[in-house]
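Across the two complexes that follow, subunit A remains constant while its partner is subunit B and subsequently subunit C.
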Partner chain A sequence: MNSIKKFFTELLQYPSAFIGMMYIIGLVIFSIYVVIALPYDEAISLWRGDENTWYKTPRTAQPKWVNWFREEDLPETFSFNSADQLDTKTEEFSNGTNKILISFPFEYNSELFPQEVSLYFKSNYDAKQPFVNVKLITPDGRTINLNSFSIGRTHTYRLSQDQKLQRKFFGISPEKGIFVDPTLDNDDPTLLKAVPGTYELVVEGVAFEENSSLDAELIVYGHVYGWAGTDHRRRDISIALMWGAPVALTFGLLSALGTTITTMIIAAVGTWYGGWIDEVIQRITEVNLILPFLSILIMIGTFYSKSLWVMLIAVIALSIFGGAIKGFRAVFLQIKEAPYVEAARAYGASNWRIIMQYLVPRIVPLLIPQLVILIPANVFLEASLNIINLGDPVLPTWGKLIQNGVGNGALTQGYYYWVLEPAFVLLITGLSFALVGFSMDRIFNPRLRGV
Partner chain B sequence: MSTDNKKTLLSIKDLTLYFNTQKGPVQAVDGVFFDLGYKEAVVILGESGCGKSSLAKALLRLLPRNVARYDGQVYLEGEEIMAMDEEQYRQNVRWVRMSLVPQAAMNSLNPVLKVGEQVAEPMIIHHGVKKEEALVQAAKMFQHVGVPVDFLDRYAFELSGGMRQRVAIAMSLVTAPAVVILDEPTSALDVLTQANIFNVLKRLKKELEVSFILITHDIATSSELADRVAVMYAGQIVEVSDAHSFFREPLHPYSRMLMASVPRLRANQEPEYITGQPPSLLNPPTGCRFSARCPKRFAKCSEEPPIINVDGIQVKCWLYAN
Partner chain C sequence: MAESTLQSPIPVVTKKKSSESAVWRVTKYMAVRLVTMAFTVVIGLYLTILIANMGGYVDEIRRNDIRETIQQQVMNDRSLQSLTPTQRTQLIQDRIVVEEKRLGLDRPFVLRSFGFLWDAVTLNLGFAEFINADNGSRQVRLIVLERLPSTLVLFGTSNIILFFVTLYLALTLSRNYGSWWDRFIVATSPMSAAPSWFYGIFVIVIFAAFLKVLPFGGMVSAPPPDNRIEYGLSMLKHMILPTLAIALNQVTFAIYNNRTFFLIYSSEDYVEMAKAKGLPAREVERKYILRPTLPTNITNFAFLLIGVWGGAPIFEGVFNWPGLGRTTLIAAGLFDTPVIVGTTVIFAYLLALTVFLLDFVYALVDPRVKIGSEGSSQ
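Presenting the complex of A and B:
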């Protein structure tokens, strides 16, 4: 216990190690928090959710913090729901018809247009569908009749895709058309500006049954969302960024641990017993060293399974008989001849005891820095596998985000945040482990210490 | 033969150990014989390279890979241990009834184990006791060899050479074996520490039921402990004698010259030395192996000398063949 404390005191004297350590500790705490706060099943169902799950968020929206760097803030998303906000709805029943009036007055403060405007209806009836008429009252008092239609139990009216309305606004897409001042005649559509002020969207519904009901939800989609933005399927990127942390740590740690510890034990066994056991291990290593690592992973991913766990096992299996065996063997050969090992043999320590208690502890100082540096290497490997389309199809990970972004035109259409955010966390994570690893190497490996 | 009133604890007959090398087999131990009684100390004397340490290895079966020939009979309390298989030997003999203080004992402590745990290791391995109990036993042994008990928690590098040697001795005694082989226990120690270690060994011989086989080239200090002396030359035993008569007057010419080479304090006498070098064990000469350096060489010496019993002293020299 004391020596561990001493080790950390020594380690933290390197500022780089301190920064790296803080980040790693933070990442571990964050990962634990994520797994508790957003359990696996919930995260997966959110990440694999369709438009119904994500109808409230804008498509490919930038993160909110981009507004800090802009002169004019990008509008945010806002919504109203008559089912929650009862004061927006009035009902009047007469002559067998139920007249429902839903009114959403809203303040629009930006000169920029929203991304989309949509209305989601829900109704209850026995046989006869309710009928609605949707109109908008602008700040200058004009009333724009948007559309009227009868609705089923659920109905989505996407204003932005209303062709009839677009013609009415002379080709300007409707989510812009409703906000512009018609008196300003501007030929250049890129110079169009929204008029700020209080708008009111009115839904006049008529239901034909006594017990029927009608509710509407208005969503005016902005251009920014959350701290990480959204992707092409309206999903919140922060889910993948957050869940990427535990996945990356697990993959990196398990593969690094699994590889180095088994490699070390195999090297120790081979060196200790020598003879044909050592020969076999060395030959397997040499053959394994020339096997094409990535090609085998691609084959496994294509023909068998892309599951993270399958890949993890494949990575470990292919790395066990790696170059490290040669390095460990060189050290073990030296330790094997030490007088105290011969003494241990003399007092009857079994082979296994000598390997585990006499050989292995001597190599741990060499092993720990290597292990720490191997973790980010495997985190990057997992990301790379995602980028060449061998990522786990279910799990949200950092590499997956980059692959999704690149695959959906993030780089050509300016969704830079979609690729840069995961790339940034990958970079920082790799850097932190490397900083700590190099400092550990300096502590454990006296030859690297300054003279 | 040991004196009749003592029962024989360990009896070695014709023990042979050859190593393979690129130049051919090395006859490191060739037909070695001697007996060891209960609570007795036998000193194996000989110069460097005469096969003393190989004898220790042969007795404990700590054989390297290049063994060419390994046979003979070793009876431990009447039981033939050469016939045991490796596992039987490990469980019943090595460190249970016969243990070793290895050469360079100071380096034979595991640097990552505390010395207390190190001393407890043989107990844990052989008697399957719990670590706590083994540590209690180790503490007892520390008292026997004169190491402060609070050293249990130290690492080997925190100890002086003499202390490390004592720890190594404690480790060899912790399983209460009948025979302890001490392979050059005081090499690389200063004379004061040597004297200390020998005092500890003498006390242990009195206090514990243990016999020592002391392998050394140091005649002066070995006389402190020896009950009997066996002289080794070129892989063979040339003389086995009781200590009393040996230190007064050894019989074999080699033993005599060995004795004469010991420097005496304040005596106005140059220590003598033996001209020439011991023969190569790769291809030892036929006949007496010492004959090439022997001042009393005569015609018979080109034939292999028999072992001749002179008043209970066994000597391998034609001079005593009537």
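Presenting the complex of A and C:
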């Protein structure tokens, strides 16, 4: 107990190790929170969700905090639903037709245009489809007839993709055209600006049956969303950022633990028994050195399974006979000659007892830094596997975010946040473990102290 | 050639007779290493083959596949409709036996695996299923040989540059122990925890996407210049970012590592003695610090190089470098088994070659091999 306390006081003398330690503790608490707050199944179903799950969020939207660094704030997304906001809807039944009037007045404060404007309809009818007419009233009182069409049980009207409307606005994309002041004759489309003010979107519906109903949802998509932004499938990146933490920690910790402990025991057995066992272990180490690690993982991922657990086991199996075994062996060879081991042998301790009770405990000082330094390596390995499409097919992780981003042109099209956010978290996590590990190495190996 | 390189590093005090035996010792050492290495490679290749064939499970799949296809063929063949069910079963059975014999599936997997091993050792890598070489050939050997040079150029150049740069900087830092730069290197050495492709993304964002001064990836600009000099220059330009990424990953840690060893060795008594004799600082460094640490430095470098080889598929993928690693990735995407196995085999050879070459350099610089002290040749 006392030695642990002494170790921590010593560790805290390195400010970098202290910061790293704080971050790691924070990350562990955060991971536990994430797993409780957003359970595995929920996270997976959200992450694998299709357009229906994510229709409310904009595509490749930047995180909200980019507005802190901008002179002109990027518009946010807002929506209205006539099913929830009953005051937006009036119904009038006469002569067998049901006239439904839905009106969404909204304040548009930005001079920048929204990303998209869409209307989602839901209706109930037996045989005859309801018919709607959509129009927009601008702040200066003009009425723009947008479109009219009959709708099925569900219908999506994407303003931005309405070709007819685009021709009406002389080639300007409709989500811009409706916000532009037409009296300003501007030839340069890059100089177009939205007119702030109160707009009103009106849906005039006619239903031809007594008990048919009609509801509409208006979504004006902005350019920012949440604290992490969204990807090309409108998914909230923060889900993968959050779930990446427990996945990375689990993978890093388990693989590092599995590798170091097995390696240590094998090194201990090899040195204790010596002879041909030691020789075989040495030869396996050499074979292991020339096995192309990543190529073999690629083969396993392609031919067997890409599951995180299969990869974990493969990584452990391929790393057991790594370079660390030589370092452990050198130390064990020294310990083997120590008088107390001699004494243990004299009182008749079994081989296993000597290995587990006399050899192994002495190596712990060497083991722990090794372990801590191995964790970031494996955290990055998990990300690497994702980059080459060998990541777990289901789990949302940091590496997968980077891979998705790079694969969908985030770097060439300027969606830097998409790649840089997970990269930054990975870097901080990796560096924290490495800093703590390096400091531990210096504490446990006095040879390195002072240099 | 070998003799002249061997002669020079031998200490002046060594007499003619012992220098001959030094050559003999190095040769013997290398011969032993060559034989063990050959064995190691064979075992490594065999393991690769076992993994690629799922320890024989692939054979099962192929057998079932054959059975299925032949059954379909016989069922759908109009001319065989008149046969009785037993005759038909007999016919199917016969055809399966013929087909399995044709593909060599009638022999047990263990035997066949040795055939595969021989093919792998002799680089008889078979034919690709989807990927072509530039001349249209489907021979895996040609595909691999075609992509190998670009991988070697990239990793060879960048690593050799980095090796000498880090050695030089480490020496300079060990002279200025405790300076601002020294502390900076110590503080940034954990940067090596992140792999090189990771820094690759950062340098691409900064230099290609943001500043638009260097290309995103690839080996030469498109279309490739006809002029040889322009081609070379274009390639150099494309190599800047990958080299920078490798440097960010390795440099600080390598400098830190080398510097630490230099510091440990520079407090040895014989260094103090040399200084007291009044030898110039350069000479003390070269003869008394650099020489004894060289084996350790080379070992560190060897492990770095092996790590870099291992990371080649991702690194080349990120930089779109048309080398062997990226071929592995493309093959994995297309499930082109022969190419995946072929590139893995080549990587195993490359690793073995690296280890062997570094062993050779090690034998040249490590006095223990030449003097022949017992048990130091591990």
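Assume the second predicted complex is superposed on the first by the 450 of 451 C-alpha atoms of A that agree within 3 Å, B and C clash if a C-alpha of one lies under 4 Å from a C-alpha of the other, contacts with A are read in each partner's own complex, and residues count from 1 in each chain.
The definition used in the following text is that contacts are C-beta pairs under 8 Å (C-beta built on N, C-alpha and C of every residue); 3 or more make two chains touch, one makes a residue touch a chain.
Quick caveat, the model's predicted, so the values are computed rather than measured.
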When subunit B and subunit C are modelled together on subunit A, clash or fit: fit
Partner chain(s) touched by A:Arg353 [first = subunit B, second = subunit C, both, neither]: first
Partner, of subunit C and subunit B, that touches more residues belonging to subunit A: C
First, second, both or neither for A:Ala343, with subunit B first and subunit C second: first
First (subunit B), second (subunit C), both or neither touched by A:Ser16: second
Partner chain(s) touched by A:Gly274 [first = subunit B, second = subunit C, both, neither]: first
Angular separation of subunit B and subunit C about subunit A, which is computed from CA centres of the superposed model and rounded to the nearest 10 °: 60
Contacts of A:Ala330 with subunit B and subunit C, given as first, second, both or neither: neither
Partner chain in contact with A:Pro361 - subunit B first, subunit C second, else both or neither: first
Partner chain(s) touched by A:Ile402 [first = subunit B, second = subunit C, both, neither]: second
Overlay on chain A, subunit C to subunit B nearest C-alpha distance, Å: 14
Complex interface listing, subunit A residues touching subunit B: 274, 338-340, 342-350, 353, 357-358, 361-362
Residue ranges of subunit A touching subunit C (in the complex, touch as defined): 16, 283, 286-287, 289-296, 298-304, 323, 373, 376-377, 380-381, 383-384, 387-390, 402, 406, 411-412, 414, 416, 419-420, 423, 426-427, 430-431, 433-435, 437-438, 447-448, 451
Residues of subunit B defined as touching subunit A within the complex: 60, 62, 65, 90-91, 94-96, 99-100, 102, 104-105, 107-113, 121-122, 125-126, 168, 171-172
Partner subunit A, residues of subunit C touching it in the complex: 36, 40-41, 43-44, 47-48, 51-52, 54, 58, 177, 187, 189-195, 197-198, 201-202, 204-205, 208-210, 216, 260, 263-264, 303, 306, 309-314, 317-318, 328-329, 332-333, 335, 337, 340-341, 343-344, 347-348, 351-352, 355
